[in-house]
Structure formats: structure tokens, C-alpha cells
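Sharing a structure here in C-alpha cells format.
Letters A, B and C name the chains as they come in the text, with residue numbers starting at 1 for each one.
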Amino acid sequence: MSTETDPGPGITGGTARDDIESNRRARRILFGCASITVLTTLAIFFVLFDNAASYFFGARFTEMLMGASVEQTVTFTEFFTGTRWAPSHATPSHGALPIIFGTLAITVGAAFVSIPIGTATAIYLSEYASPAVRSKLKPTLEILAGIPTIVYGYFAIAFINPVILGPIAGALFGINLGRYSLLSGMLVVGIMTIPMVSSISEDAMSAVPDDLRNGAYALGATKYNVSTRIVLPASISGVFASYILAVSRAIGETMAVTLAAGFNANITANPFDEVMTMTAYMVSRARGTSAVGTVDYQSLFAVGLLLFLMTLAMNLLNDWFKRRFQEEYR
Amino acid sequence: MSTEQNNEPIIKTGVQNVAIGARDRPDETVLEATNLDVYYGDERAIDDVSIEIPETKVTAMIGPSGCGKSTFLRSINRMNDQIDAARIDGDLYFQGKNVYDEDVDPVALRRKIGMVFQKPNPFPKSIHDNVAYGLRVQGKDDDVNLDEAVERALRAAALWDEVKDKLDSSGLDLSGGQQQRLCIARAIAPDPEVLLMDEPASALDPIATSKIEDLIADLAEEYTVVIVTHNMQQAARISDKTAVFLTGGELVEFDDTTTIFENPDDNRVEDYITGKFG
Amino acid sequence: MSTDTDDAPFAESEETPFTDIDLGWEHRKNRIFLGIIFAASMFGVVMLALLLLDVVTDFYRGQTEFGISLIDFFTRDGSRRQELAGFRGAIVASVMLMIFTAILAFFVGVGSAIYLEEYAPDNRVTRLIEANLANLAGVPSIVYGLLALAAFVNGIGLGPILLAGAIALALLVMPIIIVSTQEALRAVPDSMRNGSYATGATKWQTIRGVVLPAAMPGIMTGTILALARAIGETAPLIMVGALFTNRIAWGPFDRFSAMPTQIYNWAAEPEPHFIHLAATGIAVLLAFLFAMNGIAIYLRNKYERDL
């Protein structure tokens, strides 16, 4: 700014004052932007609790404040222990266990795929791979991570289930596999979460100082010893953080499990059975003729709230592991 | 270093005070380099070094920083193999066997030759597991009583009394000097034949340093110690033999420590010792 | 340098100092381990190859065996009748969704990042915002759909229109844009800021005149990658009600179905013709994604060269 045209000699005078004022205004607007993210979280909490209340108590909190009568329509005991999930059936039943089972079964099954394979990939990338191999493998895994979940769902329903699992089920167990199966859901969610485990674990392993590796090599350790007994234990909280993230992602996964595992809410030990996850239930109701005020509509939010709280717990756990890892290495 | 001391022995050496034990035995060469060159990429870090290092003595390597003394140390147990760009020419014999022969496995070599690093690098494990690590990876944990072996190593490293009540606590919770002695205990627990030390006291305070120096004198009763140091007084205090490296990775002189410090052959060594160079 | 045994200064014998060390089992263990982790690393690559191969094969069979004409595919809208079904409406809707998502998310996202990186004091409010951001990034996408459904579609009565879908997607990708913008801002060296302050510029003048231009390629890269994530998102749109496959959305207040929801509708149908329509749609969706990623990589490389 020009001081020559500015008659007032003080350092707070003239155009500077306007500039300082516009800086203040910018700061306020930008703070407003940042608050939107907090508002989003609050809105999610509010919307889920408010609408879930109408499922359990017959009225939303906002309606209760207006004086709507409160009567418990669905008990928490029934919701969490009942084994038949048919909230809008002619003889309704509100046991969410089958869809909670579907979500947890697929999450656990997927973890059995993504955790060993992702960890092994991370060790290979961090400790063994030559720079040339690394520079090709890492972008390839990034592509895997960037493919939309609907495409994974397609992969499950058009390939994994009919081409891979169908013949196996038929030949080994004499089962005529349907369009959907629990195992197909486990596999496809496992595959899509491999890159999360491998890339975050690899970051943690690469952060282990070389001093430790050299100390072990100088004792006559082999690369296997160094990888499994030094690098892996030293990076374990970062590696756990990646597991939690993959599990959290599997719980909230929607399109792939819907197209892979199907819409039959049942608790089963047979991996070739069709099951329904919480998210698949939500998709199935949204496809239907849900309208405000129906049990279908309200149940969406009850299930959505449970889903949100499960992933929130996972995110907080992940945060805790991440912070622990950062503390260990400066 | 003051030059006024020129008529006296430049630095007092401590060797003559140790007259008994291993040092009376005739020198037996345990490590020998002949015409050794080490390159990092195009850069030559070690230039045509030939040296014979005697058994159960303390051999010090001194010289200005960047002179290649640490590189030489790392080439003895083939830690340079970890660096992709490093390349070796020439021969390096351990007990008569060229360690760069095709049939020599660096893993086996490092089980015979232990190493202590400049910066203490305890593993993020308990004190006990740090010391036991070498025994475990070398498969010696079945042959010996692990607890006894850990205690023996910690005693030898003069750390036992300080940690005997907290063997299960993390090695990272110790002070810097204690961490370095833990690393020494870790290196000697599997009972190697040679112990390489890369400026083991440079990151420590004077009290911790003097503890490490005392320890090295004790270790020399049993092990061949090769120590790199930039501290000339330290070399004079603790070593029997001294090798002087100068810039460019050249070994200028190698002799008894007393000779090097009191009556060196090479003018450049005398200049370096008296502080006129480097 | 000769390693001829005659040069050896010691008597040569079969006995080397290492004969007492048997590493045979150790080396077998190492080889087995490397074999296992290499195979595991290749598992992801093989699955990616299978997935792409499956899509390409089904796409090809759709052209040859099921007579799906690409011209019809690009010029017709969704239909219950398989032989009449096309992708035009879905493509138009997805492009519009992206435009509105970008408008809604970009300014707020970049603004938030500027506040957090440049203005925010190190206090509890700031830490709360940062922690909340990390948590938002882990919220399942379907929950954003529920939020839009309750708050916008029904709450303020927008109905299942394209704008409601764009709001859901904008909220979903906002954390991604904020984090990548923060990284881009952090990469601008402080010497640039100091140079500006030294001329008497205010913080806002410095940000507008120096910091933002320097960080813009990084911000654009992050935004494009975030939009690439948004264009493939299905679940939030389904919750909002993006099910109107047989008409074309001409504006943000029309009902709609986007590319991924259209693909879902086809893939969920049992007839093989629909499966192949889905494969054709996926090929188009992936083409969009690869193009967007290509642009992002191009920007990033150009940016890195400039630095």
C-alpha cells in the first residue's frame, strides 16, 4: 500500500485499516466454513437419534417436545436379542440380530482376508521389494483402493459367486449356490480392504528407524527375523490402527455386500447361504416405497444409528492406536 | 590439543598399566584386510587398506570425520551389504577365511562378530528381551539357560546392578549411557569372537563415557575389540593398537598405541595427533 | 582383485570359521516367508486383473452376444425394457452431480482448510474441529445418505432431487478436500509468506495473493480425486432416492438416477441382458474415473516439476 498518498502518518491509518478489517472478516467467514464440518457431525447425531426415537418410542424427539404421546413400540431387548427381522411385516418382528449377524459375519470374514494379506503385502513393500517393484506395486494397490464399491459388488455377483464359489459349492458340498452368498460378501469386502491395511501398515513399518534393523542384523539376524521380530512388533500400534480402519470400513460397506450377500435376514453358519447386512437392509427399504412415518422409514434410522455408533467406536479406537504410534516415534 | 606437550609423550597411554592376562600372549591375527577398497557409488570411502588386527586386544581406529574409519568397521561384519550403492574390492580375512568369498554368509559372519553402534539402539522390547534377542535369533536359546545368559551379559556390561529389578521394563526407559551398555550386553550375550564398536561413547556424557571405557578394558580380556573413535585421548586410554585413517579413506599408520602417540613415523599422523591437522 | 586361494595368508583348509553355524533351516525359513508374502502381495494385483478382465469380457459379450449398441447406450435413458435401456440420463445426472458437488464442497472445504492451517489458534476448539474431521472421514457413506434424506429430502421438503444427492456427496467428500488442501497449504514454504508480510500485507492478502496461488495445483489435484470418489458413490444416492431411471434430469431440482445407481439397478436384475448392461455402464464409469485420475496425476506431476 502507498504511504505517499496517505496523509495520516500513523501506522494504523488509511488503507491499512480497511485491509485489517477485511482480514478480520475473512477470518470469520473461514471459521464459519470450518464449523460446517462440526455442524455436519451434530446434524448426523441429531437426525439419527431423532428419527430412531420414532422407531422405538412412536414419536421423534422434536414431536415429543410438541406434546406427542410417548409409548415404547419396540423394546431394546427385542431389538438386540430378537432373531426375526421383519419390521414392516403383517405380523411385525423387530429382532435386529440377523442383520447385525450379517454385518459382523462379513466383517470378521473380510478381516480374515484383508489382515493377513494386507500385513504380508506391507512387510513385502517395506522390507523386501526393490524400488522398481515398489514403484509398480504401490500404484496398483492404489487403483484397487480407488475402484467404486458398486464395481466390487458387480465383481461379486457376476464373477466371485457364480464363477469361483458356485462350482466349489457344487462339487465339494453338493450345494446349488444362489445369486448371493455370505462367503462371496466376505471375500469381496476382504479384497477391497486389503489396500487400506497394506498402505497404512507399510507407512508404520517404514517409520521404524533403520537403527533397529541394523542392530538386529549386527546380531546375525536374518531378514525374516528382522521383519517379524523387530519391524512388526515395533510398528504394531500403527499396524493395529490399519486393522481397525479396515474393520470399520467393512462394517459400513454397503453396495458390495448388498450385491454379494443378498437380502435374506437369517443367522446361519453356512457360508454359502444368503444373508442380509444392516446396510443391505437399508438399501432394500430405500428401494421400496418407504415414506415418512412408516415403520420402514423409521427402521432405516434405527439401523443407521446402530451402524453409525459401531463405526464411531472403531474410529475412536483407531485414533487411539494412531496417537500411540505417533508417541512411540516422536 | 596443546603443542607444548611435544617433548613429553603427547598423550599418556594406559596400556603399560595392564601387564597381565591376555595381553601377554603373542599377537595372533584374527582379522586381516589386504588392499581393501570400499566405494559408495563412485566415491571411494576406503583406499587400499591393509591391516592385521590382533586377537583379544583393543584396536582403535582414529581419524578426522569422513576418513572412512566407520566404513572400514562396517565392512568387517559386512553391514555395508545393507547399503545398495556400496561396493567392495580386495580381501578381508576373519580367522583365515575371506569374508567376501561367495560361500560366506553375512548372517553367519555377524554371529561371530558383534557390533555396537554410535547411537544406542535398544529394541522397543523389555531389557531382558533385548539381551536375549541375539541368543534367540541365533537359535542358542535352547542350549543355554536364557535367564543366566542374560544376567551374565548384563554383568559383563556392568549394567546388572542397575537393572536387575526391572528386567521386564522397556529398554527405551533407560538413560542414554545405560542404553548403550544394554546394547553392549546385547552384542556380547551370544558370545561373539570380535566386538566392533562404532564411536560407542560419542553420544554420551562424560560419566557414562568413562563407564563405557572401563567396560571396554574388561571386555578385552575375552574379546577382540575394534573401536572407532574420534576422541584421541580415548584411543590412547583404552587401546593397545591404533590405526590412523586420514581423509580419503587411507590408512596412514598402524602400530602400538604408545608408538602412535609418542613417536609416530608419519608426519601427517604427528600433525593430526598434535592437532595441527583435522 | 584376486580372491585366489594362493594369496590367502593363512593355511587353507576345509574348515572355515563358520562351519559350526548351520543356516540351512534359517535360509529355508526365509525363502518360504518371502514366497508367502510375495504371493500375498500378488493376490491384490491378481484380483484387480480379474476384476478388470471380468468387466471387459462382460462388456465385450454385451456388444456381441446381447446386441447392446453403444450408440443406443449413449442416446437412450433407463428403461424397464432391457432392449430399450440406455445410460444417457445417468451420465447427464452424474456430470451434473459432480458440478454441484464441486461447487458445494470446494469453497467450504478450501475455506475450512485455510482456517485450520493459517488462522486457527492452537486451542480446544481447533483440536475439536480436527478430531471431528478425522471422525467424519470414517463415517460410512450410507449415513450421509440418511442425513440428506431426513434433513433435505423430507426435512425441508426438497424431495428426491439431484440437488439433495449433491448435498449428500458434498458433505461426504468435504473431509477429503479439507485434508488434501491442508497438505497443499503446508507445502507452501514459510519464506513465501514472510516475503509477503514484509511488504506490509495482511494475513488475508498474503493468503489470497501468495499462498493460495502456490497451493492451487495441489488443491485442484485433491479436489479432482475427491470428485472421483464422489462419482462412484452409490449408497448415499440410493438413500436419497435416486431411483428415477427412466427419465433425464435437466436441472438440480429434477428427480434423477446417476451412473452408479443405474448400474446397481441393472446388476440387481436376474436377467443376463441386464448384467451386461451393468458391465457396459461400469466400463463407462471406470473410463470417467481413469480420466479424472489421469488429470489429477498430470497436475501433480506438473506441480512437482515446478517446485
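Following the convention adopted for this analysis, contacts are C-beta pairs under 8 Å (C-beta built on N, C-alpha and C of every residue); 3 or more make two chains touch, one makes a residue touch a chain.
Just so it is clear, the structure is predicted and the values come from calculations on it, not from any experiment.
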Exercise. Of all the other chains, whose mean CA position lies farthest from subunit A?
Worked result: B
Problem set entry | More contacts between chains, A-B or B-C | A-B
For this session: Starting from the mean Cα coordinates of subunit A and subunit C, work out the distance between those two points in Å.
Result: 15
Exercise. Which integer distance in Å separates the CA centroid of subunit A from that of subunit B?
Worked result: 52
Seminar exercise, completed: Touching at least 2 other chains, the residues of subunit B are 107-109, 111
Problem set entry | Per-residue overlap in subunit C, given as positions that touch at least 2 other chains | 23, 26-27
Problem set entry | Overlap residues in subunit A, where contacts from two or more other chains coincide | 222
Exercise. For the complex, which residues does subunit A have touching subunit C?
Worked result: 1, 16, 19-20, 22-23, 26-27, 29-38, 40-41, 43-44, 47-48, 50-51, 116-117, 120-121, 123-125, 128-129, 137, 140-141, 143-144, 146-155, 157-159, 179, 191, 194-195, 198, 222-224, 227-228, 245, 248-249, 251-255, 258-259, 279, 282-283, 286-287, 292, 300-301, 304, 307-308, 311-312, 314-316, 318-319
Problem set entry | Residue numbers on subunit A that touch subunit B, as the complex places them | 209, 211-222, 225, 229-230, 233-234, 328
Exercise. Across the complex, what residues on subunit C touch subunit B?
Worked result: 1, 3, 7-12, 16-18, 21, 23, 26-27
Exercise. In their shared complex, at which residues does subunit B touch subunit C?
Worked result: 29, 32, 34-35, 37, 89-91, 93-98, 100-101, 103-105, 107-109, 111-112, 139, 193
Exercise. Okay, in this complex, where on subunit B does subunit A touch?
Worked result: 77, 79, 82, 107-111, 114-115, 117, 119, 121-125, 133-134, 136-138, 183, 186-187, 190, 196
